[in-house]
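What follows is a set of structures for review.
Okay, so subunit A shows up in both of these, paired with subunit B first and subunit C after.
Now for the complex of A and B:
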């Protein structure tokens, strides 16, 4: 195929733009995360920057920054890379898709920067993970539709008939988030309807328990279709490619895909156990959460078995380390989540620090590690330069692994202690502890968690530095040096 | 029969139906391979042989020349 003098090449212009965004929002989102972790341990840190530095102002910037900034940029960056490669079609072949890709990036970056500004200003709908007000929601719809045009446009001009499993996961992420986002953000701009209040303010279309139901149907599936399916898409491409091993069982990947699609959408009710939603709905949330172990472990085990006979690579290649530990953390958090969704466990765990502990072994261990590995894998191919330092990658890996362990172990202990103290009663049925008693006891664990977060953040800065040095001074590579599976990296 | 009861039956049978579909899909995957109509495992190579110059496993339409030339 192609002409010998002018061979066709993949065009990574848009991938590179989203790669920069991933690193930028990783730094912003996680720095704020560490600040708020220290604020929880040392409350006087709330008052450093007036209203702009309080926990309540910063927390949505952390969650939006890491989920919709860092993770979603990483998803887009990898889509524009993996999509072209497994469909065997270049963005350069379609000027239309190139314009769509660039516009996608421009609208996205504008939206997320406006999100940071408005959240700092305290403009929020107060719905968790859906804090952005309606004008920004409209912008989200625009860049999401542009992403859809890019996905289906690229599929439309593909050379390879079969869509590789990763493409299915990206499509699922696109469709499900579109549906979830639209339904959960049905909101009424108050000034337009009543003539009162700010023009950008809105209230939810739903009321009371219905609002909670829609919110947690959305909230949990944001985990499913932002933190799970597109990350599974990444590992199904990057782990086989980096290791040179085809996926252990392609059939299992298909089966896990449909299992995940069927089950995940029903699990959100577990966020509302012992609340005012109908009991059968709570039970359904619990049951589907338990069933969810099967498709989740189907993917994770498939990934680990892909390394069968090649485990030596775990020692020699830090990218494999990131991905194998990533899928291990995926197994851990997809077992921990269902355990927390069991009603009797939930009675203890709900509202405690065990929940953010669970979220972070998934996000730091699974999502973070997979995106870090994907960016490391893509950088030499995007810039035709050797990765700057293998030893820095190893240092980063161990710092971050220790950070994650400190984070989730401290939150396990803190959460269970908290739950036990809240429910403890004396012989007459009076509560044994007041709220402040729990705060005093939890202080050392909050400090440990903040230190764990700081270690992880240090790793993020090492990662950014390593990528920056690769792009600026990494050894230039010939095309034939890039036509390999293992990413070229300098040993020093 | 009350509406709630109808909903409960509908829910049960719908779940049973979907479980059947899922198991039928597993059977379909393995049977297709056994009969030799389709080899799913070869698609694992899509991630490994992903250079634009490599031949697709299953070409869409006729092989076409790239319409773009690097300047």
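Now for the complex of A and C:
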């Protein structure tokens, strides 16, 4: 099979499909995000689409849309690109894996579209990031297994014997999400047991406190293995490629990988501090959250030091900007999380807007920026065309960066304000504020946050436009022009 | 050792899996023995309450409201006694929420009434000036899915032994039995009886008419659920 005289012709059919999906779901998920952000500041906006337009209906569509639409598409798109390249094998060599790849995409897209429809209809299990009812859960299992076949199938026919760091992280994401998803979605379809009622309804296998425990073991680690490990897989490939630098330290990547694997799963308890789960588990959640700084910062520092001596690229290449700032947001977010996991801080922060603030500096700054950069890096190689506009990329970068800063700073202030007001007492020990006082006071911060989100969304539209123009009218590239590190981009 | 693993995908994957599965084994398995015993006075939901709970879930009330009172003085002052694990023994799924855009609801039945909920769900600002909660007018016209609620009660009774048709001792020593009839028709008749009591304290004529005709609007089921959150 192998022909050593010529470079391998990688087959990017499936990559391209997932690339379109990433952009589509990015637009849908984030547009809904901006709408619900404005609804909190201007509640009249809840009535645009009758019962289907309230904050509470739209919120799960936003979270599912960006997590399982935008992010997971991005993960799959990069897998079908990075996988072939670091394993030194082309999808074209295996008709079987090609069919698996296309089927993977088909089942995936069907699942996500059905997810959007069912969530609009109010069909949900209520568990955060696991809202889909059991028929859709089964479809998720199908496309996840297909992804696994693709991963291990491609590994099975690889030419490069040693698995590159990115592959470690993709494998980890695959295995961990499979385990978490299966256990958290154990549910009993009520129609099957009773013969009555709607066929898709189910009840959770676990009750009350146990249900909460399993849910946040899942919920927290869905963050770990959707928003962290596959994104680390991306940066370990795309940053060295784009910059032409070798990864700073192999030992640091080892420590960070195995450290992350061991520590992350313990930290879920920090979502349940001062709840009715056993106290020792809450403390374990706190402690392991602090330890988690080590492997998280290990990866981030390893990436930043990869740029050692080449910091000038930060000025000349917007892709490097996205990735370096992405790493930096990863550091910010993985410091902020452990701080919120400390019991005394959690007592103040839990249930407030500081938590969505924290989530979004990670997702917008780290996940979003990394996926944006990965798609920019892949597009010229997938379509053999020069990136349409560097200046649009610069504009996008600054708009989105300002958007993120507005988002998290307004939510920090909002969260701490609200947390302080909930506990404030007068000189006689009575509560100083009624609950509604603590809502009304947040209006300016909700407005600021929505504006920040709008800036970020504008950047997403610029990104989509730039990719679209690249594919349709970008200057055509010769193969040798693609054999470079810095992605070819038009100066204007 | 690590380099050896990196050349052997199978053993690598096994190694990763064992590492990530470890925490779950240690933390989650033992707690399952303890945490699911009901507190004295905790009883399973009636079918109408389950129907209301499903309305609560369908409209993701849990996106903005918690049902978990933490053991702090300011929370017990505001919401009542802090939550106990056993109170959730029949909650499938749990509805603790993770964000309080609105107040906690775990004991809302202690301080809000049917007519308060009716006014509030129809037009939140009329009751709480400055509220950012949307109105849920569709709950006044759409019917609750009673049969699925019945299916749910049958399921938790059969599969998880939720104690329906069993005398349950309350905190004051009295005993209460939550009925689960053998047929859906009987269950529906029971639900209607329960719903009529609620509709009688409401003023919306469409809701009253619907209940008279044997339909239960979502709002009635939801209020039945909110009223027993104590």
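General remarks:
The definition used in the following text is that the second predicted complex is superposed on the first by the 484 of 492 C-alpha atoms of A that agree within 3 Å, B and C clash if a C-alpha of one lies under 4 Å from a C-alpha of the other, contacts with A are read in each partner's own complex, and residues count from 1 in each chain.
The rule is short, and it goes like this: contacts are C-beta pairs under 8 Å (C-beta built on N, C-alpha and C of every residue); 3 or more make two chains touch, one makes a residue touch a chain.
Because the structure is predicted, anything quoted here is derived from the model rather than measured.
Partners subunit B and subunit C, once the complexes are superposed on subunit A, both fit on it without clashing. In the superposed model, A:90 lies in contact with subunit B only, and not with subunit C.
Of the two partner chains, subunit C is the only one that A:217 touches; subunit B does not reach it.
Using the contact criterion defined above for the overlaid structures, shared-chain residue A:422 touches subunit C, although it does not reach subunit B. Within the superposed three-chain model, A:258 lies in touch with subunit B and with subunit C [touch as defined at top]. Of the two partner chains, subunit B and subunit C are each touched by A:161. Contact with neither subunit B nor subunit C is seen for A:468 once the two complexes are overlaid on the shared chain.
In the superposed three-chain model, the partner touching more residues of subunit A is C, compared with the other of subunit B and subunit C. After overlaying the two complexes on the shared chain, residue contacts for A:311 are found with neither subunit B nor subunit C. In the overlay built on the shared chain, the residue A:352 is in contact with subunit C alone; subunit B does not reach it. Once the two complexes are laid over each other on the shared chain, residue contacts for A:436 go to subunit C alone; subunit B is not touched.
Note on the superposed arrangement: subunit B and subunit C approach each other to a least C-alpha distance of 7 Å.
On subunit A, the patch touched by subunit B and the patch touched by subunit C overlap at residues 161-162, 254, 258, 262.
The part of subunit C that touches subunit A in the complex is made up of residues 2-3, 6-7, 9, 12-13, 16-17, 19-24, 27-28, 31-32, 34-36, 54, 57-64, 66, 68, 70-72, 74-75, 77-78, 83-85, 87-103, 128-136, 138, 142, 145, 147-152, 154-156, 158-160, 184. The touching residues of subunit B, when paired with subunit A in their complex, are 18, 22, 25-26, 29-30, 33, 40-48, 50-60, 63-70.
Put simply, subunit A touches subunit C in their complex at residues 39-40, 43, 46-47, 50-51, 54-57, 59-60, 122-128, 152, 155-156, 161-163, 168, 171-172, 175-176, 179, 183, 188, 190-191, 193-198, 201, 203-215, 217, 254, 258, 261-262, 264-266, 269, 271, 274-278, 281, 284, 288, 347, 350-353, 355-356, 422-425, 430-431, 435-436, 439-440. Here subunit A touches subunit B in the complex through residues 1-3, 6-10, 84-86, 88-90, 92-93, 158-162, 164-166, 236-237, 240-241, 244, 246-247, 249-251, 254-255, 258-259, 262, 483, 485, going by the rule given at the top.
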